[in-house]
Each structure stands twice: as C-alpha cells, then as structure tokens.
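Consider the two complexes below, in which subunit A is the common component and subunit B and subunit C are the respective partners.
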Partner chain A sequence: MSVIAPKFRFSEFLKSITDNLFWIIILVTLIGLPVIMIVLLFVDLPVYQGELINPFLAFSWMFHPELSLPLIKSFMITDFFRIAVFPGFGFAVLLATSVIFIERKMLAKLQLRVGPFYCGKIEGILQLMADGIKLVTKEIIIPAKADKPIFILSPLMFVGAAAAFVALIPVAPGWVVADIDLGLIAVFAVIGFFPIITVLASWSANSKYPFIGGIRALFQMVSFEIPLILSLLGVVILTGTLNLSEIVASQASFPWIIFLPVGAIVFFIAMLAELERIPFDLPEAESEIVAGWLTEFSGMMYGLVQLGSYIKLYAFAALFVVIFLGGWNGPMIFPPLEEELILEGKTIGPITIQTPGLPIFSMEFFSGVFWFILKTAAVIFFILLPRGVFPRVRIDLLLDLGWFKLIGLTFLNIFIALALLYAGVFGPGGML
Partner chain B sequence: MTTQLPPGLSLEKVDEKIMTLNVGPQHPGSGHMRLIIQVDGDYIVACDPDPGYVHRGEEKMAEYRNYILNIPHLERPIIHDSCNILYPYCLAVEEILGLEVPERAKYMRVIASELNRCVYIQYWLGIYGIFLGHSTMFMWPMGDRELLIDLLEKMTGARVTHSYFIPGGVRNDLPANFEDVCLRQVNYFEKRIKEYADIFYDNPILIHRTEKTGILSREDAIRLGTTGSVLRASGVDFDVRKKEPYDVYEELDVHSNVLKEGDSLARSKIPWLDMLESCNIIRQALEKMPKSGSIRKKLKPNPRGGDMSVYKRVESGRGSLGCYIVSKNKPEPYRLKLSVPSFRNLIALPYLLKGEKLGNMPAVYWSLNYWPVEADR
Partner chain C sequence: MVGELASNYSTILMMFGFAVVATAPALLISRMIAPRKRSNPVKFLPMECGQVPSGAGRTHFMMQYYAYILMFVVFDVMAIFLYAWGSSILSLPRTATLPIIAFLAIMFAAMAYALDQSRRRNIW
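Then we have the complex of A and B:
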C-alpha cells in the first residue's frame, strides 16, 4: 500500500509545539544555566554608577524599557543594522529561506504529494536546516583542471551581487540601505553582473557541461536584459525619476500596473528568464546538460549559489512590487499611536506603559512593511507557479521570445506611457 | 602498436567546432546506457548509442534452468512490464509442452497484461515528463500508477515482479470481489489520465518542443525495423494484438491507435492513447471472463519438450516482444532468444538525432519508448 501522511490535527500541532518547548526548557536549564554559572566564576563583574553589574541586574535592565529601548534604538539607526539586519541582507535571507520552504510545500500540493513532512514535526519546517547542515558538512571538490581562484570566488561573488541588489530595494518609508537618486540605473548595473559571474563560474570549471550551461546562461540573460530594461522605461517616463523611493511615493493613490499592464507582463516574463526559473531554466536543464553551470559546484559552494539565486528571486519580486504594485503603499491596517503614549507614557489602571524610543516603530512603518511583504509574497507565488505547470522551453523559442515579441511589446508599452503623458493624464499639470 | 579504442574512450580529437559529449551512464538524462553525442554549437552532428551496461546474460541463463525455473529471472529485464515479457515465453512453452490453457486463465492473463502495460507506460510517461523539465508530469503518473499496482498486488501477490504467468495458466486465482474493485479503479484511472491532456499534451510549450522534432517517416520506420508505439506513430497500423491475436484477444474489440506525424509528440501520445485503450480492454475482459473455473493446467514435475522450435510474440508496452525457443528433448530449452522492442527502437535514434538541437535530445531519445535494461537483456 502507498504511504499516506497523517492528516493535520490541531491537537497534534499543539502537542508538537509543547514538545519542542519542553526540550528547549530542559536544555536551557540543564546545560545553559550551569554554563553561565561556571563562566561567572571566572569573570570580574564591572561596576557602573556604584552598582556591581551582575547578570541579574543586566537582565532587569534589559526588561526596563527606559534603559533598553534607547540602546535598541541607537543600534537600529546604525548603518550596520540597515545593511546586515532589516532592509538588507538578514531580511532578504529570511524571506529567501521561507521562499524555499513555501516553494517545496506548494509544489507538493500541486503535484498531489506531501513535501517535507517529518523533519521538525510541524509540517517539516526544519527540513531546510537539515539540508543546510548537509551542504555545510559535505566535501568541497574542485576539479583538477579548474582555475581555482575564480572558481572558488564565483559563488561568493554571486551572493555578493544578489546582496547588492537587495541593498537598493526600499522596504518602508525611509528604510533602504542605499537611497541613491539613480537607483534604477544602479539596479541595472547590478543585474548586469550576473551573466559575467555565471560565465566566470562556468568557464573556470573547465568542464563541458558547465561550459554549455554558461553559454546558454549568457544567451538568455543578455537577450532578456533588453526587454527588462525597456519595460521599466514607461514608469520612468511617467514619474520622471530614477529614484526607487520616489517611484514608490508616486504610487500613493494607484499602482502603475493599472496604466502599464503590458510593461508589467513583459517585466515579469523577463524576470523569470533572468532568474533561470522554469520554463526558462535552460542553463540548468537537468536532462540535457546535467546541472548546467552548477555541475561542478559541490557542498557549500552549491549552497551559496542556491542561496544567492533565492535572494535574487526575492530582490526581483521586490523590484516588481516597488515599480508596478506600489511598494509599501496600502490602507493603514493599525490605527496610529496616540501622541501621549509615545511621548509620556500612559497609565491604564495600575500599569504605567512607558515607551521611550517607540517612534522608530511608527505605525506607518508596520503598515508599510506588512503591505510590502504581502505584495512580495503574492509576486513570489506567481514566480513559483510556472514550475508546476510548464515544461522547459527550447533555446530557439527563448530567443524568439526575447528578441522579437518582448521587445515589440516594450515599445507598445512606451507608446502607451507617452500617450498618457501627452494626453495630459500624468506629468506636470496632469489630471491625476 | 596502437590499439583501436571504442569511439567514446579514444582520446578526443581536437577540433575547433565539434565537441564530444558522453551522455551517460552517469547523467540524469540517460538510462543505464550511454549516448556519445558530437555537437557543433547547439546542433548534434552525430550520435552513437552505446547500450550494454546492464547486460546480464538472461538468454544464456535460460539454457541452464528448466521451463519453470526460468520464469522469475526472465522478467528481470523489465520488471515494470513483467507480465508482458513472460507472456511470449509462456505461449511458446505451452506449445512445446502441448498444454491447453483454461478459458478463465486466458482472460486473467489479458487483464494482468493490460494492467501491467498501463503500469509501465505510466512509469515511462513520468520520466518523459521530467526529461522535458515538467515535474508535475513526473509526480502525477507515479502517483496514479499506485492504483494499478495495488490491483496487481491483490491479483498476483507482488507489487512489481509478479511472476504471475506460468506455462499452462496463471499462478493464483483472483481474490473475492476483485471484479468490482478492478472496474472501479480502472474507471477512476481512466478519468485521471484524461486529465493529463490539460497539463501536458495540450501545453503550448510542450507542443512547440516536441512537434516536428525527430521525424521518422513511414518508410524509414519500416526499414529500420522499429515496432510498437514508434511504428504506429509513423502511420503504420501494426498491433500484434490485432494482426496476430493470441489467447483471447480475437474475442475482444481491440482498437489500435495510429498517428501519421511521426514526430516526438506523436510518439509520446501513442502510449497515452494505448492506456485509454487498455482500460477498454480490461472492462471487456472483466465482462466476458467466466466467473469460475480452473485457472491452470497441472504440470509434470520436470516437463520435457519435444524436438521443435517455436516463435511467439505479443504486444508489450513498447511493441512486439518475441520469444524464440529451440527445444531438444530436454527439460531445459536448448536456446532461448528474446526479441525485445527496446533494442529495435533504439536503432532509429542515430537517424533521428542527426541535425537536431541539443535541447531536443531528451525529447527524442525517450519518445522512442526505450528501456535500457530490456535492450541489454
């Protein structure tokens, strides 16, 4: 008989959570606390304002908002926080890893199977961690005839380029790592790096299948970069700016996809090709050229390329949201905080809520991030969906699509934008 | 002294344009075999199939075992179609030993062989899907195949290697209530495989990829000796079940599917249409089967054949599968020869791949309905 996974039961779900909590508590009390005690025996505690700072005092300070929130706030306004944690790399990695998990579960539902199920008890959420541990512990094999420095560097460059792409994406008002006036040009500059890295990786491996895969990737990326760039020209014509934050701000009342649907469709198709996703996964076509330009990568080098490609996926989806779907704009879902609460604190019965440093989490911020993530998730869903529906295209259809049909449609899109501009709908003194 | 090496093993001649690719045996796009492909840019200049990696000497092994002991190892070349590879052997041995098969056993053989044909074609179709990068088409047939595997398990006691056909009938009787379960499962299965057209056969990208690729003309198909789905996709109406009916196939209404195009799309469609036809045949056989009766002829412990030679063939999941036995008054066959459809279809591959794009290689190669293990025997 075929193995059928057990049905979802809420009681078992609760039990799995309590099981995990139980083990966390047991491990913390049995291992964590004794370790802290042993460390404390050998550490001299500092004195601050006449008080000996022991860990208990530090803990009590941590839960004292007046002392802890300014610290957190001062950390949050540093550039390091922006680059490494919130709108930058950490946020992107978090979303990228959740994309991998969602992709596997969604594809499994589409294909009438279960997907990752047993690892981590709750619907297999720890499967990704297990895969990561497997990749880290695997041996890295470098081909004997490979050009070693370039071969080793190329996965790192790939992740670096993807992270640079993420840095240009505005997530909430004022929350962007690099807010530059020529933001869109910078995006194209970063996108232009990927074919070079791909060719470097494939060429330096000195092997046949990576070579063919690299050439295919070069063909594909170069021929789809032109419609990718041209499809965004319509938005630039209408807004008159290249700054991504300003493009988002210009969509406060309506997103550009309403007026420029052709550009959005072209951008989406070109995006699929740039991301090497099915139906455009020719550079990694398994049954033809093994794994394409990834063939010779092993262990964590392969893991890095995969991580980079999923970060790239998130960044492209976010770019689509920023340019066509209105970024963080959306109805306020939380009521704004009261002035009194922010400045002085509020007394509700016996409890006094004191929140210095709260303005950094303004409700506009929460609402913006919420809408941004929701829209990005929707776009990512549509990026993942073709994988379950389409087979791989052949290279002649790909080039025909890129050079002929999509470029034609982008010109149509530009004409639509120009018509809107000269009809006086948009632009200086326009109706909207 | 220079030794002449086989083409794939010899040192690569340095050429400015031609690159030699070894597709297989360690390649996700090959089976247990190797294709030595020479490409000029994206175009295939020459293709040299190199089977033989799973040669197990089945034919020689058969000469050392008696007619009954030969049953389990002869189905090993293609375990997914194990009933159909034993079918010609059983027919031939019955003629050598002079056995008459009971009527009920003949119908049970037809049901088992048609179910097994569907099981094989589902496996083949799944691999065809993943070769074209369509992962849903890999998962769906593999899942729906379980329905029929469960049926065959009820019928024969084993999921894949059934060893069900024996000279003189079949091994076990059907379980109680099998007819109803079988009818229900087969009806559901038919409904399910009709849905494949929506996601796979009518998909514009699939049609673009497989249409007009690897065209095998009617004359070439006959000249190269192809058989089964490849032959019928080229417009030749040849089905052993219809042309040379064996057992009870002449009492059943068998329709053979023929397409004229001869391209990869037609070759991949014919097995799918065959599955729908198999469902019809199973329903007819369930209706006409005698509800009770003997299922096998009693055999003597170590039966001896006469001094004769017999050739029998059946329509398997891939095409006509023949078994030639020379008997010389001994309990073992003097010589046993399997004429397998996979090997005969593989012959067409170098002709089809010449001048095609590299991206067409998996689509054309697997559309030949080729099973490497069966070709090697």
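Then we have the complex of A and C:
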C-alpha cells in the first residue's frame, strides 16, 4: 500500500532536497572528479585535429558541450553504439520491458481487473522494477540430474538469438546494426535457432513437463516455419530484393499490405505461433503441462527467458512493420531545421545558439523513428489482443492450420504477386 | 569484397555476444545475493506436481506427428529455393516463370500426397 508519509511538512521536504544536494556536491568534488582524472591518465587518448589529446584537455572537453559534440557524434556512428544503444540492444530492451507492463495493464482492462496498481504512485508503474528485484533475489534451483552447462546457457542463448534478430531490423534510414543484402534470409536463419534452443533447454532439464513442452514447441515451430517463409515471398517478387532497408524504401508511396493482404494475414498468424502467444501457446500451456518448457527455470533464469521472448516479440512486430506496413515511411510531422541553425548558429531574441552541428539527429530521423514506433506499437497491440480473447488451440488443429490452410494461402499469395507483376502494375515499366 | 561481406555479418554475431555479455551479470548477481540452502535434497527433484518423480526424465515419447517433421526437412529447403527465384525475377525473362510454375506444381502435388499419407496414423 502506498501511503503519504504521516508527518509531511514542506520545510522538511526542502531540507531533504538541500541535504541531498550538499552531499552530492561534496562527494562529486572530493571523489568523482579525482576519479575521472585518474581514469583519464591511464586511458589511451586519440589524436584529434593533429593534436594529441592530454588528460587535462579531455577533462575540460567533458564539461564543455561545444567541444565534446564532435566526440559524441563520432561515438554515435560506431558499431558499438548501434549494437548497444540505439537500433540494437538498449532500444529493444526498453521497448520489450514497456511491452511487458502494457500487456499486464491491457489484459487486466480486457478482463475487467485492475492489474498492477500499488507499486509506484501512478497505476503501478514501478511494478516491473519490483518484479525484477524479486527475480534477482530468488534462489536459482537447478534439477539434480540436469545437464548444467546447457541448462544455464540456454536462457542466455535465447536472449542472444532474440538480440541477433533485432540486429537485422532497420529502424530509420541508415540506422540498422547489420545492413546486409540477404537480410530476409538471415532473418529466417536466426528464427531457425529458437526451436533448437527450446529443445536444448527442455532436454537438458531432465524432467517430464519441460520435455513435453519442448516436443510441442518443436512441432509448432516446424509447422509454422514454412508458411512464415513463403508468406514473405510475394513481397520479394514485387521488390526484387532481399535487403530489408530496400524493402522499406520501396514502400515510400504505399505499404505492401494493400496489395498483399493474404500474405500479411498468413505472416501474422505464423508470427503468433512462432512467438508462442495465445491461441498458439501450446509449448507453455499453463493449464495442461505446468509451464511447458519453462517449468524447471527459476528466478533470474526464468526472467531472462521472458526478456528474450519479449525482445523476440518486438523483433517480429518490427519485421511485420518493415515488410508490410512501410517501416519508417510516413508524413513529416516535425518541420526540418533551418540550414543557418545547423551550420552557423542563430540568435533568437535574448537566446543565442552558436554551436555549429548542435542538432545531433536530423528531423527526418525523428519522424522516421516516430512512425516506426507508432506502427510497431499498433502491431504489438494486435499481437497482445488475442491473449484476452481466444482459448488455446488443440495440437492436431494447430498442425492442420499450419500445413493445410496457411500453406495453401501462401501459394495463393505468390500467385497474386505474380499476377500483379505480369499485369504490369509493378516491376520495371509498371504502372505504380 | 569477402572481408566486407564478413564484416557485415559479423555485427549480427557481435549483437549476439553483446546480449549474452550484458545479461549474464543478472545471473551472477542473482547467484551472489540470492539465498542458497542445500539442506533439503527434495528441493532439487524435477517438478512433478508434488509427487516423488518416477522413471527417467528423458523418456521415449510417441512421435504421433512424425510425418510433419519429415515433410519439414524437405519443404523448408524447397521454400528457400523459391527465394533464389523470387529475388531475381525482375531481371529474368518472362518465359523463365514457366519452369518455376512447374516446380511449384510438383512441390504442391508432393506436399498434398505427403499430407494425405500423414493423416493415415496407422502407418506411423
């Protein structure tokens, strides 16, 4: 229960703030700055504009934004920044964790519950942090006869494979970790690792429920991989490329979902099955086989598998956006910056901005990221929605759906794409 | 050229490695601060809803739908073959589509026959 402190006085509140400020200033000057200085003395510093940077110069740059701007900009085009922060791991984890919270709240609203409420003052917004702390402090129990190295490694590999999937998703023009010509094939290759990791985890646990769950996961992923692969062939036929950035660029005027709705629907259903979401959550059917292949995972290992599965959810939703909904394309909502401001700086009344190169990102970038996140959020909403609506599918009906109906529909989709190509609507010299 | 290609793909591996390195500390921290009591061996038995587990964990399991796995091995490869055609279709002459239609027909007929056989549970 969150209760306001019984003896709340404004003066004491101010006193606590000033106390904290005092200690922060004391600690930063006495400990923080010397530590930065000492670290800088031991770091190899680069040559910048024909001048070897000494620790004192680097120290003064750190607190002088005008001078450190080029360093920040040069850091932002490195591979490490892309992998760790923006289109890579940090961005995906941020979106995945927010999806976990939104799912819990949304599911609660669908089922006329309240959902997370007490932790944090506003609508239980700190619930996720509390859950994380709880998971870290819980004991990890590994079954006695389990194959320990594989059992411990499998959650890590699951997160790693999900992150490798994220690496292939272009978020904004030029902002992709791995921009490769065979992007779509690489996506299929990465998706192919998930059933292997699932079966490894379930086999190494040496327990019956994970084993049944792992077998089910194998069947499910095997029967939905072919519809998943074939449903994207229509887009490849019409664009003639496998590079995901080029597929997005080809949708500048219209998204492919308008012309290939059958492929989009099949891909969406196959995506739900690959993500093990309800109605296809047979591998972790909690009312039949305890928790399926996750039964023996406890504490932070379970947390890592959940994190990986939500990163995977984000990656699949982003793939749907990239291929069928036009990725970052959309109307410019932020006006572009003036040339003068970017190159020389500007004086507006009392405010003077005289830092050339201050805008770190262009406004096109912000617009692209805005549209990408908006579309991804919409797709994630439709992925989460069936969980509150549908029951679970029986396994023979699931295999039936994958092998009979969806594969038939993907062939239909291929012939729609061929008809569009040969009727002269798309392709070289086409109408659109 | 080859090095450039390899460097493009290496970022995927680096992403994999970064994710593993960034999340492994969660397990280590958990190992350090979580309680570890090894007094009760029953705790480390496999989960069987409170019962004492009987038999081996890795048992034989009836592969009721084994036919689908066999079909996957064949048709997954064929599906990827179609991408080689699909990605180069804009530079191929139109007559090149006819053999692929024949390929699709053979693939579809074979798949229909295999699906028909997979329904006859008594032979599996």
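Here is the rule we use: the second predicted complex is superposed on the first by the 361 of 432 C-alpha atoms of A that agree within 3 Å, B and C clash if a C-alpha of one lies under 4 Å from a C-alpha of the other, contacts with A are read in each partner's own complex, and residues count from 1 in each chain.
Heads up, the rule we're going with is that a residue touches a chain if its C-beta (ideal position, glycine included) is under 8 Å from a C-beta of that chain, and two chains touch if they have at least 3 such contacts.
Everything quoted here is computed from the prediction, not taken from an experiment.
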Please indicate which partner A:74 is in contact with in the superposed arrangement: first for subunit B, second for subunit C, both, or neither.
-> neither
In the superposed arrangement, does A:242 touch subunit B (first), subunit C (second), both or neither?
-> second
Could you tell me if A:110 is touching subunit B, subunit C, both of them or neither one (first, second, both, neither)?
-> first
Using the superposition on chain A described above, determine whether A:54 touches subunit B (first), subunit C (second), both, or neither.
-> neither
Regarding the shared-chain residue A:290, is it in contact with subunit B (first), subunit C (second), both, or neither?
-> both
Should A:212 be classified as contacting the first partner (subunit B), the second (subunit C), both, or neither?
-> both
For A:281, select first, second, both or neither according to whether it touches subunit B, subunit C, the two together, or no partner.
-> first
Dominant toucher of subunit A (residue count), subunit B or subunit C | C
Touching partner for A:394 - first (subunit B), second (subunit C), both, neither = first
Kindly list the residues of subunit A that each of subunit B and subunit C touches, one partner per complex.
-> 208-209, 212, 290, 395-396
Of all residues in subunit A, those that touch subunit C in their complex = 79, 82-84, 88-89, 135-145, 152, 155-157, 159-164, 166-168, 177-180, 184-186, 188, 190, 203, 205-209, 211-212, 215, 218-219, 222-223, 225-226, 229-230, 233, 236-237, 240-242, 290, 295-296, 299-301, 303-304, 307, 395-396, 399, 403-404, 407, 411, 414, 418, 421-422, 427-428
Provide the residue numbers of subunit C that touch subunit A in the complex, in ascending order.
-> 5, 8-9, 11-20, 22-24, 26-27, 29-31, 33-37, 41, 43-49, 53, 56-59, 61, 65, 68-69, 71-72, 75-76, 79-80, 82-83, 86-91, 94, 97, 104, 108, 111, 115, 118
Note which residues of subunit B are touching subunit A in the complex, please.
-> 19, 21, 27-29, 42, 129-140, 143, 146, 150, 199, 203, 205-206, 208-209, 357-362
Give every residue of subunit A touching subunit B within the complex, in rising order.
-> 1-2, 107, 110-113, 208-209, 212, 278-279, 281-282, 285-290, 387-397
